[in-house]
Amino acid sequence: MTVESGAAVPRRNSRRGTAFRDAGPPVALVVIFSVFAVLSPQFRSIDNVQNIVDAAAVLAVVTCGITFVLMMGSIDLSAAGVMGASALTVSLLVANNRNDNDFGLVGIAAAVVLGCAFGCLSGLALVLLKVPSFMATLGVSAIGLGVATLMFAGVQPNISDAMLKSWAIERFLGLSYLTWIAAACILLGWLVQRYTRLGRYAFAIGGAEEVLTLSGVKVKPYKVAVFTLAGAFYGLGGVMVTSQLGAGLVQAGNGYDFSAITAAVVGGTLLTGGRGGILHSAVGVVLVMVLTNGLVQVGVSPYWQGGVEGLIVVAAVAAAVIPQRRRNQVVK
Amino acid sequence: MRIAFRPTAALISLSLAAAALAGCSEQAAGDGDPAAAGACKPADVKLVGQVRNESNPYEASWLAGGDAFAKSVGLTQQRLTYGGDSTKQQEQISQILAGDTKCLVMNVLPNGDSDTAPIVKGADKAGAFLVTQWNKPADLNPADYKTWISHITYNGVESGKQIGDALAKSIGGSGGIIALQGVLDTAAAKDRFAGLQASLKENSGVQLLDQQTANFSRAEALTVTKTLLTKHGDKVKGIWAANDDMALGALEALQQAGRAGKVAVVGIDAVPDAVTAVQSGAMTATVSSDGTWQGGIGLAIGFCVATGKLEVKDIAADNRAFFAEQFLITKDNAADFAQPKTNPSDFDCANVFKRVAGPLK
Amino acid sequence: MSTPVAMQPVAEPATGRNGPRPAKRLTGFMPLIALVALVAALTVADPDFLTPRSLTAVARTAAPLIVLAAGATLIVLCGGIDLSIAALASLSTVLLALWLPNLGGMATPVVIAVAAAIGAVQGLAHVLLRIPSFIVTLGGMSILSAVALVVSGAGTVRVVDDSPVKWLELYVGGYVPMSAAMALLVVALIAAVVKATPLHSWISATGYSESAARLAGTPVDLVKIGAFCVSGACAGFAAVMLVSRQFSGGPTMADNLLLPAVAAIVVGGTAITGGHGSLWRSLAGALVVTLLRVGLPIVGVPSAYEQILYGVIIVVAVALTLDWSKVSIIK
Amino acid sequence: MSVPAEREPTTSAPVPALEVRGLVKHYPGVKALDGVDLVVRQHEVLGLAGENGAGKSTLLKALVGLVTPDAGEIYVRGEAVKLRSVVDAANHGIGMVFQEQSLVPNLTAAENILLGSEGAAVRRGVYRWDVMRRLAQEQLDKIGSKIDPLARTDTLSFADRQMVEIAKVLRIEQRSQHPPVIILDEPTSVLESKEIETLFAQIRRLREFASVVFVSHRLDEVLDVCDRVTVLRSGQSVGEVATAGAVPRELHRMMIGSTGSDDHYHENAAGPVEAEQPRLSIRGLSGSSFRDIDLDVAAGEIVAIVGVHGSGREDVCRALFGIEPTTAGEIRMDGKKISLPNTRAACAAGIGYVPAERKTEGMVGPMSVAENMTLTKQKARCAGPFVAPKKQAGLVDRWIDRLSIRTPSRDTPIQRLSGGNQQKVVLARWLIGGDIRLLLLDHPTRGLDIGARSEVYRLMRELAANGVATVLLADSLEEAIGMADRILVMNDGRVVTEVACPNGGKPSPLDLVKEMV
């Protein structure tokens, strides 16, 4: 055995672990994809692959947002509420059957800004009221749903805005516009994470928040900014759901909060923060979508689908974790 | 842990002692006697309408119908929503029943079959007048209770079959279809699917390619439909959805897959968007259920009984649990249903059972 | 590797400044104060709310939530989280409803035992496979829901003869609902056992600093598995209460109690990062959450505003009840 | 203490880089600083010595703006300043390398170096990695470090990270036109001797363009590297010594106020008990980072294991406590074969472990002294399955007394105690059961001052006299030589030699170092 000069043993372990951790989710993705491809001929058809990628669009955007929050070591459950509010906002601002508004892109921007505002609210509750993000975002989610219900006012707003509707329908290179938007979001998220102070500091906050404080960095504004950024992604997610459904639904974001966390975690982002990133999450999103789609394709009973999904998620994380197990490792 | 061990121990022994010594009773002290029917002045009646949420068109119209009725008799309806959360529904009901129940009239949409029994038993114990809708287990009957006046529902088997038949007809009697099921744990979902199966038996040319649940949700229907469309490709000629929300989601999926107009879609509930879609030909058929009427009629029946204009014992057994009238809406008659037509006279005490289509089977 | 910690903010003697005793006491009682304030506010909104019958109904209503939250509190104190409690309770209602006809009165303990075993299995998976509890129980939630759907045939299982569980619907001394008394008893019992045995320091140590606890020879793994086991048993008992109230079991019956239960724990002031907190705090938290869930619509707050108020109040309540001097970093 | 009405020029020499006058800081019940005076001249290395609790850390925190003094003045180059934050201090050219490293592990070295003062490396919130790399490289070049600036910090060795810290602190030059004041708080406490030499070379280089305040509990180091030493005692400056010609004993006397014996090289009070079989006997023990370890420890014997980072000695120690898995070999206690799958088994076998990372692994900070002390041994504090509060209180008080642990009460959170007292609580944890047979001490005196150290040493001796076998991973070679009866030298996961270390026949550190590298 060779000893790397000066490196203590636990550190060596973690270095090896990092490689495993980064390789784990893509390997799992390839394995699961192959298994389904063998089991079902329809699954491996080009159409279906397109379908998987298209279906992943909204989840990818939402996961982009949540990844930044998870990177800081916080958690965000506000996606459902924020998406609902933004879905209603956009559907009432673009051409629709409820009023005479026709603001087009401005309406979409307004919905995204609303998402930012909700994100900002979560962030402020965290840094000013010192409420743990779990509860702060849960509260904001409830507020978002309430605001959405207020705007809903009993009549479903259906959108007739041609541009927004075309996002879900028109295709470029075989993929819907929404998918390209999601790809752009992932790219944007990656750039933010890699090249901006906001992204790097979010990463650093997850690694060692107190060090930032000691280095004279004011952490709080960055925390608020990260939640605001996440809110923007949820806002866009709400718009995208509206485009897909052709109507503004209060329930537009139902289930996206936990799915996005699952996707991010399956992709290798740790809930304790400081690890993972947008690209990890993107892999996680595709993995989750492959799983959902594959189970339908191979004809697993709808009763069992949720269970099989849960099992595979646990197994995927376990497989990723096992190579780096240590006896005195802290697992929360 | 701030509370010391000693008080804890004291507390345990106290509560045990209390349980042993004081004995237990069936009822909370102060529970009133069931109100005598007809004892209420119209102004004393308290109207409560409870549905899942205000964020879908069907249930919003229900509450609006309730409000309209309440206004017509000079009262206001207390609107309760429980967000599709069974436990929250029970909690609200028991809280309402813990208040003044003497002239309480409740028009309730139980979240699922299982939620009906406790609501009924609670209302019965407190003497509140109750009308339930949609969900009820088969062996629980209003006739066995004093203040559970009526249970109203639509014939799910029949609607499922009607739209199944319409779908079969529109695809020319043969070809593959896919089915989108509702929340699996509800009678509505199961009845409607049973109706589809009955229809499939008669239309032997139609083949059920696949069935998945989309939980009555537009968004879920969209993803599931997309996946099923790629799975079965051009074999899919029709989509049977257990409600209109899912049918509308399926329509979007078809549009996104570039197959709009080539696949027939049917749903149930006749929500405004679906009726419009049927009118324009995007959807093949839906079945009417009238939320506005449902919201009003439940309160109306209760109000009539509470104020003594109607005696529970006088209500025909068939009217204690009945299917309400429903219509298959196709392109031909869609225009008639574009606007819900609820006639205030429907809610006159003499007319409240006018829309009975038959006793619950 | 361990993160190099530059300085633990809590380690500074400076924290002594904001720690005069009366203020400390006040933080300890904050959940109770929040509860009283909420009752007062609801009474102002609707004077009818403050009647014995109404309050009794709240207590009865809160019982399953209290029991659920009590069990999960142990896991949170250990630094983990349990997202499967609600799904497990749903499954337990189904099992209880299915087994009541054959097992009669024995069904209750059997179901609680089975739920405890399922909890323990999750604990084992968490401890042995080293998967974060969030993931284990998230997966557990899906799996248990699926099992509940399959076992029940995706439908409600009616309880025809509910006499074996009917005792929970009785009233002690005519006023106190038995379910509420039992919930109180469960909390008191667990709290007393934890307090009176070394478990208290083991659980806190595990929550505050798992590695230090392990290196002190504390049976960290057993404590965690035990916590999951108790949490499972509590979910089972909550299921018994639900069945006695609903006269049936359903595969999704308790699912919506998950977030309220977690909210109850946090509103009570238990640190979600582990270590600091107690079951009594969760009891108060569960009552606050129940009042918000039930009280707001009953006093006539419209549905949309109800959600907004719920969100705001719950955030403010946590801001008030959390003892910041015990928690170094808020994530 | 009142603030001096008027500042008189101290000497005709250039104004001091930093001067502190009559600094006072109260905490409830404690006067941490009681009128401290301190002068740091330009281009000098000033040593700061004092026992734990003498007020060193409060003073340092005041100098970097983490603590606001109640009274007193701080002058930077003759100008009175109020330091409100780390940034404030940095703007005045004062920076500090913290005792426990303050680097973000998941960022690159370059980012850590520039953290909070990225300058041109970040334009409008956008990173320019090439500029960042260049700027960081400049900093690293200044101290002659060869680290890749874009390496992730958690892949660097401890010594390299220390270099990153110093490079980071030097960034404050950018904020101030004047030579900076660099404070190094216990920078050597976790370094091996070779790394310490490198660090000292750096400090001497730093003097060329900065003033340095050097804090260490190792007085020989202080005398080695500093020009002058200021000694603190009970929150006051009690003396100032030029290091040329000073001896540790003199400093030590000033620190504790009387002549204490500075040597921890106590003679072994009782020789090892010659039992028929050794207390601990391991044969052929192998694990991921060590192989074929044979080791015997007799009852009452202290065996030290020395080796550089990566020699595997920590892992051997952790394997003996059931934390690190082993792949081969057997472990016997008093002749009986035992297996150690987890820490519980080790405890049950009468083995105790004092970890090196006291704050994260040794103690549970927010919990009370009593709870920390009784975490392990249940029988001692319980009646049946229940905790007997009176029994526990009596037991804890007895040990607080016996080890003279200074704590307001047994219910005080342990994190409020000083390092030495914390360590004593951690040690007490293993002693209260009365059934301890083997004690594994991983750097038991790390970060402790002389007073606390000698108390720990005395305790070790006492335990040995009572027949407890001890395995010691010492903080320094001197400590190992002084304390141990035998020394094992480990290199590259193997025991390379064993040196007897009897009284009167102690080996020299040089002999050991030869084998270690």
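A few remarks follow.
Every chain is named by a letter (A, B, C and D) in the order it is written, and numbering of its residues begins at 1.
Note that in this section a residue touches a chain if its C-beta (ideal position, glycine included) is under 8 Å from a C-beta of that chain, and two chains touch if they have at least 3 such contacts.
Treat the numbers as computed from the prediction; the structure is a model and nothing was measured.
Using the average of C-alpha coordinates as each chain's centre, D ends up farthest from chain A. Across the two candidate interfaces, A-C and A-B, the one carrying more C-beta contacts is A-C. If you average the Cα atoms of chain A and of chain C, the two centres end up 28 Å apart. Centres computed as Cα averages put chain A at a distance of 34 Å from chain B. Centre to centre, using the average C-alpha position, chain A and chain D are separated by 43 Å.
Work out the mean CA point of chain B and of chain C, and you get 31 Å between them. Within chain C, the positions touching two or more other chains are listed as 1-8, 149, 154, 196, 200, 211, 214-215, 303-304, 306. The set of chain A residues that touch two or more partner chains comprises 11, 13-14, 145, 149, 207-208, 210-211, 214, 303, 328.
Touching two or more other chains at once are residues 98, 102-103, 105, 154, 323, 342, 361 of chain D.
Chains touching one another, given as pairs, are A-B, A-C, A-D, B-C, C-D. Listing the residues of chain B that touch chain C in their complex gives 1-5, 8-9, 11-12, 15-16, 18-19, 22-31, 53-54, 78-81, 83-88, 90-92, 94-100, 112-115, 117-118, 121, 137, 139, 183-185, 190.
The residues of chain C lying in touch with chain A in their complex are 1-9, 79-80, 125-127, 129-136, 138-147, 149-150, 154, 210-211, 214-215, 259, 262-263, 266-267, 271-274, 303-312, 314-316, 318-319, 322, 324, 329-331. Looking at the complex, you find that chain D touches chain C at residues 27-30, 32, 67, 98, 100-103, 105, 154, 161, 321, 323, 342-344, 346-347, 353, 355, 357, 359-367, 371-372, 374-376, 378, 381-382, 385-387, 415-416, 429. Interface residues of chain A, counted against chain D in their complex, comprise 1, 3-9, 11-15, 194-198, 200, 203-204, 206-208, 210-217, 274-275, 327-328.
Contact residues on chain A toward chain B in their complex (touch as defined above): 42, 45, 47-48, 50-51, 54-55, 145, 148-149, 152-156, 158, 168-169, 176, 241, 244-247, 249-252, 254, 292-293, 296-297, 299, 302-303.
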